[in-house]
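Note that the chains take the letters A, B, C and D in the order they are written out, and that residue 1 is the start of every chain.
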Amino acid sequence: MSESKGRVCLAYSGGLDTSTILCWLIEQGYTVVCFLANVGQEENWDEVRAKAKKLGAEEMVILDLQQEFVDQIVFRAIQCNAIYEDRYLLGTSLARPIIARAQVRVAEQYNCEFVSHGCTGKGNDQVRFELAFKACNPEIKVIAPWRLPEFCARFQGRQDLLKYAADKNIPVSSTPKAPWSMDDNLVHCSYEAGILEDPNHTPPKELWTRTVDPQDAPNTPQEFTIVFEKGIPVKVIVDGKETTGSVELFKLLNKIGHDHGVGRVDIVENRFIGLKSRGCYDTPGLTIARLAHLDLEGLVMDSRVRELRDQFVTISWSRQLYNGMYFSPEREFVENSIIFSQQNVTGEVRMMAYKGNAYVLGRKSDASNLYSEADASMDSLEGFSPMDTTGFIEINAIRLKKYGLQKIKDGKPLTQS
Amino acid sequence: MSESKGRVCLAYSGGLDTSTILCWLIEQGYTVVCFLANVGQEENWDEVRAKAKKLGAEEMVILDLQQEFVDQIVFRAIQCNAIYEDRYLLGTSLARPIIARAQVRVAEQYNCEFVSHGCTGKGNDQVRFELAFKACNPEIKVIAPWRLPEFCARFQGRQDLLKYAADKNIPVSSTPKAPWSMDDNLVHCSYEAGILEDPNHTPPKELWTRTVDPQDAPNTPQEFTIVFEKGIPVKVIVDGKETTGSVELFKLLNKIGHDHGVGRVDIVENRFIGLKSRGCYDTPGLTIARLAHLDLEGLVMDSRVRELRDQFVTISWSRQLYNGMYFSPEREFVENSIIFSQQNVTGEVRMMAYKGNAYVLGRKSDASNLYSEADASMDSLEGFSPMDTTGFIEINAIRLKKYGLQKIKDGKPLTQS
Amino acid sequence: MSESKGRVCLAYSGGLDTSTILCWLIEQGYTVVCFLANVGQEENWDEVRAKAKKLGAEEMVILDLQQEFVDQIVFRAIQCNAIYEDRYLLGTSLARPIIARAQVRVAEQYNCEFVSHGCTGKGNDQVRFELAFKACNPEIKVIAPWRLPEFCARFQGRQDLLKYAADKNIPVSSTPKAPWSMDDNLVHCSYEAGILEDPNHTPPKELWTRTVDPQDAPNTPQEFTIVFEKGIPVKVIVDGKETTGSVELFKLLNKIGHDHGVGRVDIVENRFIGLKSRGCYDTPGLTIARLAHLDLEGLVMDSRVRELRDQFVTISWSRQLYNGMYFSPEREFVENSIIFSQQNVTGEVRMMAYKGNAYVLGRKSDASNLYSEADASMDSLEGFSPMDTTGFIEINAIRLKKYGLQKIKDGKPLTQS
Amino acid sequence: MSESKGRVCLAYSGGLDTSTILCWLIEQGYTVVCFLANVGQEENWDEVRAKAKKLGAEEMVILDLQQEFVDQIVFRAIQCNAIYEDRYLLGTSLARPIIARAQVRVAEQYNCEFVSHGCTGKGNDQVRFELAFKACNPEIKVIAPWRLPEFCARFQGRQDLLKYAADKNIPVSSTPKAPWSMDDNLVHCSYEAGILEDPNHTPPKELWTRTVDPQDAPNTPQEFTIVFEKGIPVKVIVDGKETTGSVELFKLLNKIGHDHGVGRVDIVENRFIGLKSRGCYDTPGLTIARLAHLDLEGLVMDSRVRELRDQFVTISWSRQLYNGMYFSPEREFVENSIIFSQQNVTGEVRMMAYKGNAYVLGRKSDASNLYSEADASMDSLEGFSPMDTTGFIEINAIRLKKYGLQKIKDGKPLTQS
């Protein structure tokens, strides 16, 4: 019997692709330790475990990473209102660093020289996983079968995979494959490829798994309250019942969003890999939490800090996560600012979910003196001299008057613009 | 009889405040030319005209500015996805420059040395109006009664205004005043002050005038299509019926949004004048048009251009408009970029409105080659060598591996982060 | 004898302006506590003290603030390479917060209800001082004589001041006043107004006080080394002699810069107050330290962190200081990032000063693994596969090829651009 | 005789590397058309031509690109004050797009299917060339020998090249190779690699080719004037003699800078390819022109336009050029802003060069009303009411007072900060 080429830690989902990769790696002479991260997706864990062992994996390691996922990343996304290209809440991107880091930990624990995954060669995820692998363990080697010419040549389509599965006794699910691919975690489910590649093809009703169709949502709105401390949700109150614990309350927000159809997005986005692709996402809890957080910041955050944060921090952090740069000096640099910005973001937001939307009903906070009813009131002049505004306007007008005069001189008066 | 102190062009709405100012200016010895801009608000124009003349205005000039409002500003806002503090679509801010410029034109036409308005001394609008006045005509003088000590001393509350109205035979509307103030134009209606000053007080159902309550909206969604050319909506198609003409189609979008309760926002925002204030806005048509435009850009705009545009142009233009800097060199500078960025933003977006939300159903364009089903497809490798990605990842990983190594050296390996 | 109108803490320099203000305040019925900050300027402290007492000041408080000036602000400027409009090293702006805060401390200690200063009504300094006063003590009241109509009316020109001085027995310096105004501190001396108001008038040779004319500087260059820890200069080595201590080493850099004519700048800048003004500055030590710091960052700072820092942090902090927003939430927010960015900025830079310029001769650091001779070497392929670059280029080219194809399709091929 | 594998357009300099590549390509069965761009470097053109033909090139095409280099790129760099990482004026980066575009034109003219170059596999230039090739002609194929395993294996060091030269009768220069590599064009000469790889090794005196050592520069300063129109230098006046014509005047600026030792920079920079490298550059004319342009903008450009331009346009354009993204939609987008920003940048700047430095002596312009001696003057209050500043300060202080109060409430008063 020949010696092993080495030990590989494979990200294994139990599906046809990674099962094929598992068998193929063994066939190539590797010893394979399978790894599956529980980041909140739907999964039959025992079945995956049994399948991996049956197919020859030396080990099948399953780790529940939900707590660190929520605490280290999801809540950071909430704190900075993370969003990519104005629309995408980054559900997949957020989970990748947590999974990759855990996979490296497992690889190290089991003395694997290699890590492997089943990502395709055109997507963002290969980049996210591998950049994280290499940052976490700069010595580790990556086997990316879908970028290996010999693998691609052998498995040119689904038929080749199915044939191989039959040869290798890989159990194949009898439920027909959906005509799109999905990625599911605590934050969202994404849908792309297949019929969705036509950007004008409306996603079918049955596609969405994490949210009820708004048209089927209850006719009665659901009210609830989210309590934040330093920008982090610490309590959700529904019908007088309080839920705490980061994972628990996030799941509750998911449930509210799910039931009321909140958080569906259908976009064409720009991948890191220079291509555009169409993605549909349902992201119930994070959509709600982000809106509430944004609203609370309106009440308590200084305007200039917000300007800087919006323009530089939110955009940078979001892009870093999207591009797989979580384990990077620049993400650390930006995250330091996020945390600093949240010192006074403490208070609560009353909300309502109804047929596809979340609405803010009101908000309050004791943490900041920036909003004051007396100051805001048009009726009160307490501590404010309106005459000051005259000077403020005059000074701001200095430049603008010169601009207007120049336009007149140039024969293009602004009145005729 | 004494000579006039000069001629004032007063922005006159027919309400109690500006009627008081009209009489007071005449009392002070000014000749007053009243001006009212039609920017799409609800108004009984004849009544306002009659009232002004009755109270002693030399002239009452009413101008329909809807066309220039939509063409010069609203559509520019759509082209750059304008938004302030992530939430506010700037409805009031967009109308101000159009009104102020027209008021200066009227002032010049009627040889007025002064312009006047009824804005309070704590708000944004005084700044927006006056900066625009001064840029459009650097010689013009402003009378801002609510910042004049003698005026403020005389009219300390609504009771003083009502008493003065009785003395001067100023007709006062018999409908009781809403416990908040409103500003209405083609784009939105804003609600602030009064009971809304408590940011935790939910706006009452009857507050919203431009949108049906989502809960009362039809149970059947409305589908429609918006066609864009160079970032500008040029056609709206509903049930096979095409509407063109900028004002007409924008009103149609308003109607769709109105009927389906789309575009309500309730926020605490940061005024230019260093204060926070709470505002509620319903902005039906612009909410829909902005979403459609954003979506189409996903399909046709280059990713790096979009990055630059989002981070610098959109944020800058929005802030400039909010702060009353429309007539400024910097707005001109930024607007030049907006137009340049829209060269390929041509195509159409299919949408649906339903119970408070607008949804994108699909989009298409012939104007750009950036999206390609073949390229995006995970199944096709046409013109793409997945092996290239390996190199792309390796090069991107150079810095990150050094980062990971440094962390290990510092005793804080990323695997344990 | 009438009662005092209250106690005023006056920023007193001993010059004609503030001596006039001192006497005038007393004349108006105030009790005056004079305050003079030692931020490193040339001054005859005893003479100022004697003069203030002679003119009727209740107290003359002189505080040496050099240490906090250097440690809290000057070194922060070095850490972020602060610069305004690409040219101005902010010498005056840096000192203002330190002086204003100390003045408020003195005001509080002596129970002064008011603070006062001699800044003119068109400059930046009034804004910087007063914003700092109001942030440090929001209750304190400001008397700005040069913005008081009664004061301005009385003192319309230098002749009025001299006449008043004669009346009040205010000693007036017999040296003729330079035809420009100056502001001197540890960091720089600024020159503006007077003959400099013509931006085409070259500053006369005798204007510059903090630097030798480059043409008169020694023919022999001076070499020296600056050692940094976390972005802060901690040691300067000249001819084998080590100087430590923040104030001491900064003064030594000033001396080197002075002797070799380093750090002269002559610009037209944009004041916060909407006006342009012409300023000349000689800033010897900070010019040198900034260059050294910038150079060291090249060696040790991650490129992406630097991008973010350059574009957002440096520009923001510099503008905040220029505009008098030191005591602000946004400065605190940005400063937190500065400090975070400097963790590895440890090492030393060898330099040379010669006839108006400072040059970097070399640099080294043990704090970072980012620069590696082996990596950088074109001759070595250690740990680097040049083939990877092919993939990197291919992936980056995806968008650009589409761009080129579109141009061809549009009949404007890039080859003919 | 076997058939050609196709025709290659090779960027040929006449040096050992590209001569080896030329012979090797022929050996591999390609027909080779050599191309050399004249972008202002020192070169014996006839010798290069003869050598290429002698070694078997089908053609040797030499094109003078100086005019388009200066007009299309160098002057654009001046217009936006381009700079990379605060220090590097981008000399090499600026020339690359011009050269690459011309090479593609030649390739097309001579029916070459391939383009080839001698860039190493770790540098920026390969990326710049190839991205430009692929944008200009998306069908063209690239042969990059220094990234081909077979080529690298054969030529592992200079000895292998010399041996091959001997075998192939490639003439080798008898002057010993400098222990660093150089790249020369109209804008600068760069020096890197070899002994410069130690960042603490001071460049030897003889390294610099484009500038006299400041210590050897004349003892007499040289005064001159640069006249700009819309941000572009259109005339240089030295001792009463006027020079116009873009290439001519730029060469004159180079001469002034050369003679007086202006424009030396020695830095460690961040390559696009994730590595740091040390580069020395002497850039005489552009250093002078950039300083003059920056200075004129101080006089004539609106402050807010400048803020936006500095923060977004200058930084973006510089980074795009450095990273080889000249032929990209984002560069086109940004360049549109550059041109728009320069409408009033018309005027002249008087300067002086002396021993390593350029100094501004004065500037004037009729194109803008933004600077006004009367406005700037501290002595004049024409058209300015200093009392307005009081209001301006008060309004700006609103936020800061709240900040100060919050600090007091938190037990951390700013006076004790």
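By definition in this document, a residue touches a chain if its C-beta (ideal position, glycine included) is under 8 Å from a C-beta of that chain, and two chains touch if they have at least 3 such contacts.
Each chain and its UniProt protein: A, B, C, D = Argininosuccinate synthase.
Predicted model only: the values in this text are computed from it and were never measured.
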Self-contact between copies subunit A and subunit B, residue sets same or different by half: same
Distance between chain centroids, defined by C-alpha means - subunit B, subunit D (Å): 43
Inter-centroid spacing, subunit D versus subunit C (mean Cα positions, whole Å): 30
Interchain centroid distance [CA atoms averaged], subunit A/subunit D, Å: 40
Residue numbers of subunit B (touch at least two other chains): 273-275, 302-304, 307, 311, 325, 328-329, 370, 375, 384, 387, 389-390, 392-393, 395-399, 402-403, 405
Chain contact graph, described as a line, ring, star, complete graph or other shape: complete
Touching residues on subunit A, where the partner in the complex is subunit D: 302-304, 368-370, 375, 384-385, 387-396, 398-399, 402-403, 405-406, 409
Complex interface listing, subunit B residues touching subunit D: 273-275, 302, 304-305, 307-309, 311-312, 316, 325, 328-330, 333-334, 336-337, 340-341, 395-399
In the complex with subunit B, residue positions of subunit A that touch it: 81, 85-87, 101, 104-105, 108, 120-123, 126-127, 130-131, 134-138, 144, 146-147, 149, 152, 157, 181, 193, 197-202, 214-215, 219, 221, 264, 266-270, 273-278, 294-295, 298-299, 303, 306-307, 310-311, 315, 319, 325, 327-329, 350, 354-357, 359-364, 370-373, 375-379, 381, 384, 386-387, 389-390, 392-393, 396-397, 399-405, 408, 413-415, 417
